[in-house]
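Look for chain A in each of the two complexes below; its partner is chain B in the first and chain C in the second.
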Partner chain A sequence: MSEAHDIVRAAEEMRWRLPRNYQDRLTEAIYAEAARIAEKSVARRGTSRRLDLQVRLDRLLTGPWTGLPIIALCFAVVLWLTISGANVPSAMLADLLMGQVYPWLRELAFAGLWPWLAGLLVDGMYLATAWVISVMLPPMAIFFPLFTLLEDLGYLPRVAFNLDRLFHRVGAHGKQALTMAMGYGCNAAGVIAARVIDSPRERLIAIVTNNFALCNGRWPTQILIASIFLGALAPAALAGVAATAAVFGIAVLGFGLSLLSSWVLSRTVLRGEASTFSLELPPYRPPNILRTLYTSLIDRTLFVLWRAVVFALPAGALIWLVGNVSIADRTVASWAVGGLDPLAWFLGLNGVILLAYIIAIPANEIIIPTVLMLTVLVTGNTELGAGAGVMFEAEDDGVRRILTEGGWTALTGLCLMLFSLCHNPCSTTIYTIYKETRSWKWTALATGMPLVVGFVLCAAVAAVWRWVA
Partner chain B sequence: MSQACPPTACESCSAARGTLEKLGLRLEKWNHVVALAGNPNTGKSTVFNRLTGLRQHTGNWPGKTIARAEGGFAYNGRRFKLVDLPGTYSLRSASPDETVAREFILFGKPDVTVVVVDATCLERNLNLALQILQITERVVVCLNLMDEARANNLVVDPRGLAADLGVPVVPCAARGGEGMEQLLAEIDAVATGAFRPRPYRLRLDVPGLREAVDDIVGRLRAAFPDIAHAEWVALRLLEGDRAVADRVARGEIGRLAPDHAATAGTEPAAAPIGGGLR
Partner chain C sequence: MNEPRPSSQSARRHDAPSGAEAAASPGEKLAALRLAERHEVEDLLRALFECEHHGHAASDARLAGLTGASRASVLKTLARASAAGLAENAEDGWQLTPAGRDIAVLIMRAHRLIETQLARESSVPPSRWHEVAHAHEHGLTRDEVNRLADRLDNPRFDPHGDPIPTREGRIPEPEGQPLLSWRLEETGVIAHLEDEPPSLFAHLVATGLFAGMRFRVAERRPDASVLLVEGRSITLPAELAAMVRVRPLLESETPPPAAAIRLSDLPRGAAADVVTLLPGCIGGERSRLLDLGFVPGSRLEHALQSPFNGPAAFRVRGTLIALRREQAEQVLVVPAAAGA
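Entry: the complex of A and B
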């Protein structure tokens, strides 16, 4: 289009004949007009108590000494409510889906179908799905509405405001706090949310480091493992608090890692200064509680649950297959687990966990079900029930029994929590990162970096633990 | 305080009410396209949800909507496609989310642009409204968050505002549904041409600018016969806006990049950002 080039060149030339900064004059004219018109049409009637209240609230919530502790407190309270509230409904759901429905379904299937098909359908697909629902649904149904309430209230921008100094210091954009907050729901959403950041450099930092924000698929893993292995280390009365503290610690570690990796990135491959930006602190608005409950339950909770179920079905089939198809007298699962075990030992984990993370790449949500089913299949623990049929004892106690019989210790639990925080993003997130960056290089970095961090962390923790113990 | 504003006062009287049918995602055919623009966090998505019956996520923070969402509604037998845009402070911003909004207002050829403004901080919101009025006349101003303005003891005069801006101004509190009826009536009137707004426009009294703009506009029209907002493009070129210049040079100006994000569960696509970095 030489014609088009000519237009651009002509404009460039004309530009020099125009008064300098005329565009600033136009902008100023618009601002002045806006001020004039607004002045004419708005009148203030006395003072507003509401505004006073907002100002006082802001002084507290964004104060230099009070801001960060309040964020930590809010976060801890949300976590504690989630952990202590999710236990009972989780156990009830597990009892229903695995204690009641599962044996009935199993009998029905094995009576009417070929055994391999019945196993694939019921011991594989149904069981994985039932696990996902009972492990995922209760924590999400508590966590999402609480988060949405804070969001509707107008607290998120204040969080970003408070954390801005930290992000600025590591060379990242202050709005990265917002993208991280979205990441706590879903990393793919967090990666898309990075569009609010203008500068490509800082947007890439936000995208690459978003995986350190624990997503909803990983919260239940953290909560369950913390309750079983770390909460149990404390006296019974304090178990809930200890579990909360452990999960909180992991979340804070994630935040720290995201700052650290942002710092490293902005000193190496994404060098540059943090740009300034303006962020509006919206007025506090009383949330509409019923609507919040409705939208966060229907839209977010069920949407995420649906995604988990969609991934759990084929994963369940796959798990059943690797657990039942044999090559030279050993099942595929036992070959794979045996092969992964040495590496896993080094990381404080076991082969089952690593295999589960390979099978569960499509969705973090299915890690726990995968781990449990593989553990049962590989240990071939017949005392607990007929093959995979063990799963109907599904309360925390049942899970604890399955895992400890599989050779798990507190170290395994801790390392799993660390690895769950630091490993490659799920395939949906990886694809989203590619779509947002259009670059294999950055996608590879965003995928590989957390994995490397996880390996280093787990290996270090395992080494120290074994040295001390 | 009167809730009515002059331009279409007759139509807004409750005797002649239209009927709203929320169409959600049923968007097969439409008569008119309506864009929802405005500063961040002024309640665009809430208005969107009110009119379409959809449940686009809303949240009390600027930047919640990052890609455009589309929904439909029918009013008085005419079908409208409503496009919810990310919030933007001006038409000159560079971030990917704000670019989505600007591109659509300029090149999505909406029949009506509804500018949602926050009644509690009118001055800042009017900046964008005035910028939009510079480029299109088919505008309805939705003076949202009137409930908050009242709670803050602010008295806002929609009539005076409508007179100053030359376009319909509808006081609303979208969260409670207040003013939605009249907003629909005004959107309908402007979309069908029953009411032609005469927007207030600032004159460009910079010596030599008028001639330069006219010259460039003439060349642009010759090169791209169906170009929209040639004047805006010309002004950007004269300012030396690299992004616009590149697109003109590539012959892509005026072509709307696909971004159907939040609609119907398809995944959003933003401008690639990896390429420009070394």
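Entry: the complex of A and C
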């Protein structure tokens, strides 16, 4: 017994005499031995020419002068391909779902059902879903494969490498550059992409600020409004340039706001040291095109689209109802627009825009059709509309006429652009944030923060504009 | 004063074996205090333990200095502790009773384990470790403290270099001497960084010093000491140097190679061999670097530098790994001779 006691005692004393880092020494010895064995038994074939090419590519893509312009160029090309390339398939889908299936469904429904139910189902739920699919599917089906292609090529880790310093300064992680880039395609996908960040604190920052990356659904709104209202402010020859500069300015503002809000978050609710950053920069490889297409379509595109459709159905019903249910001779929409007008005036917007942002929460893509529908409904301009509660789109000139009749000015356009950048994420993204964080608190913050920023920004711009004008 | 405590936590914690059923044990008496008073008593017991450990006489003035409370409040707390049978007045100052020492050691163990956990697993900055640990050390039961120790793999030293009392309550004799009395040009090891006051400790952390680093004093001026710490020269103002305790190298330890530099100081395009990962690189980060191949003996090459002086990429065992400056600072390397 006493012998056992002595042994324990001796062990106890020896414990303190071990070198401080003996555990590391053990690990290091194991690694060193592994390296020695590998050195002896692995034969390497000379691949110096390919390696040389890799080194030169790296010099170019991460160079202090070339790195950042190449990133900008790359994303400009991807976005341009996405936005312009999506037009044709979007129009085809719209023609199929709204030009052919919709009248057929409508006839069928109105023949067999009560008119209100047929309207709710076809004019409301079906049409909203058809809109979401036709405007969301093509851009995503272009953006996500392009993005996956860049990923496969090995370029994306270099982007994180180049931009890490910026994100480090604001207390975030370099990989947030990747989640933001993904956010330019779709914020819900950007939020999911934040899984690549290991530190929970920095992952939350990436999730909460992702909404400042202007997603696919908002680019068309920005471009349309910029060309109708802001392009018109410049001389005709420069209209295109002015509109492009305005959209570019909004995107840059979004990037800046994302950094700024990361900085604020990492000094307030998400306080902490910037964690470590050890990123492998894989060798450049030719991508596997088929696998890229398959995984990006299945994992990203269809996944996001499915969530959007799930939210579009009830929202479609809601949109139809506000346009068709009347209380004391006025539709709910007209009551709501009237009620929101004072607040909206303060923000340089109008009640129609705010109501559209409330009821078209499933997808940013259907904001413009909803705005048009509501404007026609409120101004009572029946010759242009497609019926109460029925969303539609028009040519630029038609849109300009409808909106100008609705009392829109350049200020409304500018504030709408700002509000489109800074407002709550779409319901798909909100739900995704909840799924990823499992916390109502962070979901509420991610939803509320951009909205507050948007309110402040729009109110400030409206006040200054009115004071100057 | 003897109102029942709302929480049963401390009753569970101080479950010191009590023979008598009628008379309350010291632990139970402590548990019967109000929460704020209990914390004060526990802080005081720990201060008494530090005095005992370092062989200082525990006058109420010294205790006031250690706990940061006023002398009047220290006297009041001492009265409570002695009423509970945790401390007693001896001829050369106050002393712990065995029951009091038991609690003091547990608090110290909890505090140092929590600091270790913060250093390894959280993104809480070093300047706040003490504050956070202090806020949590009173809330853990003995079982919870032991579970925490198990989960951390029973560490022996906290991130300041202080020994963590064992489960049985044992702690080695204090070691080391003040840095200011260390001989010039002799290699030693940083044994302990004093974490009070927090404002100065933050400066100390910012210099890059960490317990366990090897150093030698290159120059001693009246206002500052110039140290050579693991391949880097650090000028330490006298008020910071006073917070550092040092010890001689152990038999198993060697001085760093003369040519050693930090990986972050390696010029672009140069190659180097890893000597060791420094002690400041702990927990998950350490194992990640080891996993990536930053192992003693590995040949590295500085391949790329990102814009704005951001991370640098190093070629290790055929892969490119990007590290931030702060991480590259934790790797000690010897530059390879040109052409080697």
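Going forward, the second predicted complex is superposed on the first by the 287 of 469 C-alpha atoms of A that agree within 3 Å, B and C clash if a C-alpha of one lies under 4 Å from a C-alpha of the other, contacts with A are read in each partner's own complex, and residues count from 1 in each chain.
Rule of thumb we're sticking to: a contact is a pair of C-beta atoms (placed from the backbone, for glycine too) under 8 Å apart; a residue touches a chain by one contact, two chains touch by 3 or more.
Computed from a predicted model, the values in this text were never measured in an experiment.
**Q** In the overlay, answer first, second, both or neither for which of chain B and chain C A:E280 touches.
**A** both
**Q** Quick check on the superposed pair: does A:K175 touch chain B, chain C, both, or neither? Answer first, second, both or neither.
**A** Touch partner of A:K175: chain B, not chain C.
**Q** Once the shared chain is lined up, is A:G348 touching chain B (first), chain C (second), both, or neither of them?
**A** So A:G348 meets neither chain B nor chain C here.
**Q** What is the contact status of A:R195 with respect to chain B (first) and chain C (second): first, second, both, or neither?
**A** first
**Q** Taking the superposition on A as described, I'd like to know which of chain B and chain C A:D152 touches: first, second, both or neither.
**A** First partner only.
**Q** After the superposition on A, what does A:A35 contact: first (chain B), second (chain C), both or neither?
**A** both
**Q** After lining up the shared chain so the two structures overlap, which partner does A:G323 touch, if you call chain B first and chain C second: first, second, both or neither?
**A** So A:G323 meets neither chain B nor chain C here.
**Q** Quick one: name whichever of chain B and chain C touches more residues of chain A.
**A** Larger number of chain A residues touched: B.
**Q** Would you sort A:G183 into first (chain B), second (chain C), both or neither based on which partner it touches?
**A** Neither: A:G183 stays clear of chain B and chain C.
**Q** Using the superposition on chain A described above, determine whether A:F161 touches chain B (first), chain C (second), both, or neither.
**A** After superposing on A, A:F161 lies in contact with chain C but is clear of chain B.
**Q** If you lay the two complexes on top of each other, which residues of chain A touch chain B in one and chain C in the other?
**A** On chain A, the residues that contact chain B in one structure and chain C in the other are 12, 15, 17-19, 23, 31, 35, 157, 201, 279-280, 282-283.
**Q** Where on chain B is chain A touching in the complex?
**A** 40-41, 55, 57-63, 66-67, 93-97, 120, 122-124, 126-127, 129-131, 148, 151-158, 160-161, 164-165, 175, 202, 204, 206-209, 212, 215-216, 219-220, 222-223, 234-235, 237-240, 245, 248-251, 267-270, 272-277
**Q** Flag every residue of chain A that touches chain B in the complex, lowest number first.
**A** Residues in contact with chain B: 1, 3-8, 10-12, 14-15, 17-19, 22-23, 25-26, 29-31, 33-35, 37-48, 50-51, 148, 151-154, 156-157, 175, 178, 192-193, 195-198, 200-201, 203-204, 270, 279-280, 282-285, 287-288, 295, 298-299, 432, 435-439, 441-442.
**Q** For the complex, give me every residue of chain A touching chain C.
**A** Listed in rising order, the residues are 12, 15-21, 23-24, 27-28, 31-32, 35, 55, 58-59, 62, 64, 67-68, 157, 161-166, 168, 174, 199, 201, 272-283.
**Q** Residue numbers of chain C touching chain A in their complex, please.
**A** Those in contact with chain A are residues 122-125, 153, 156-157, 163, 166, 168, 170, 172, 212, 250, 252-253, 276-277, 279, 285-290, 292-293, 295-298, 303-311, 313, 317, 319-324, 326-327.
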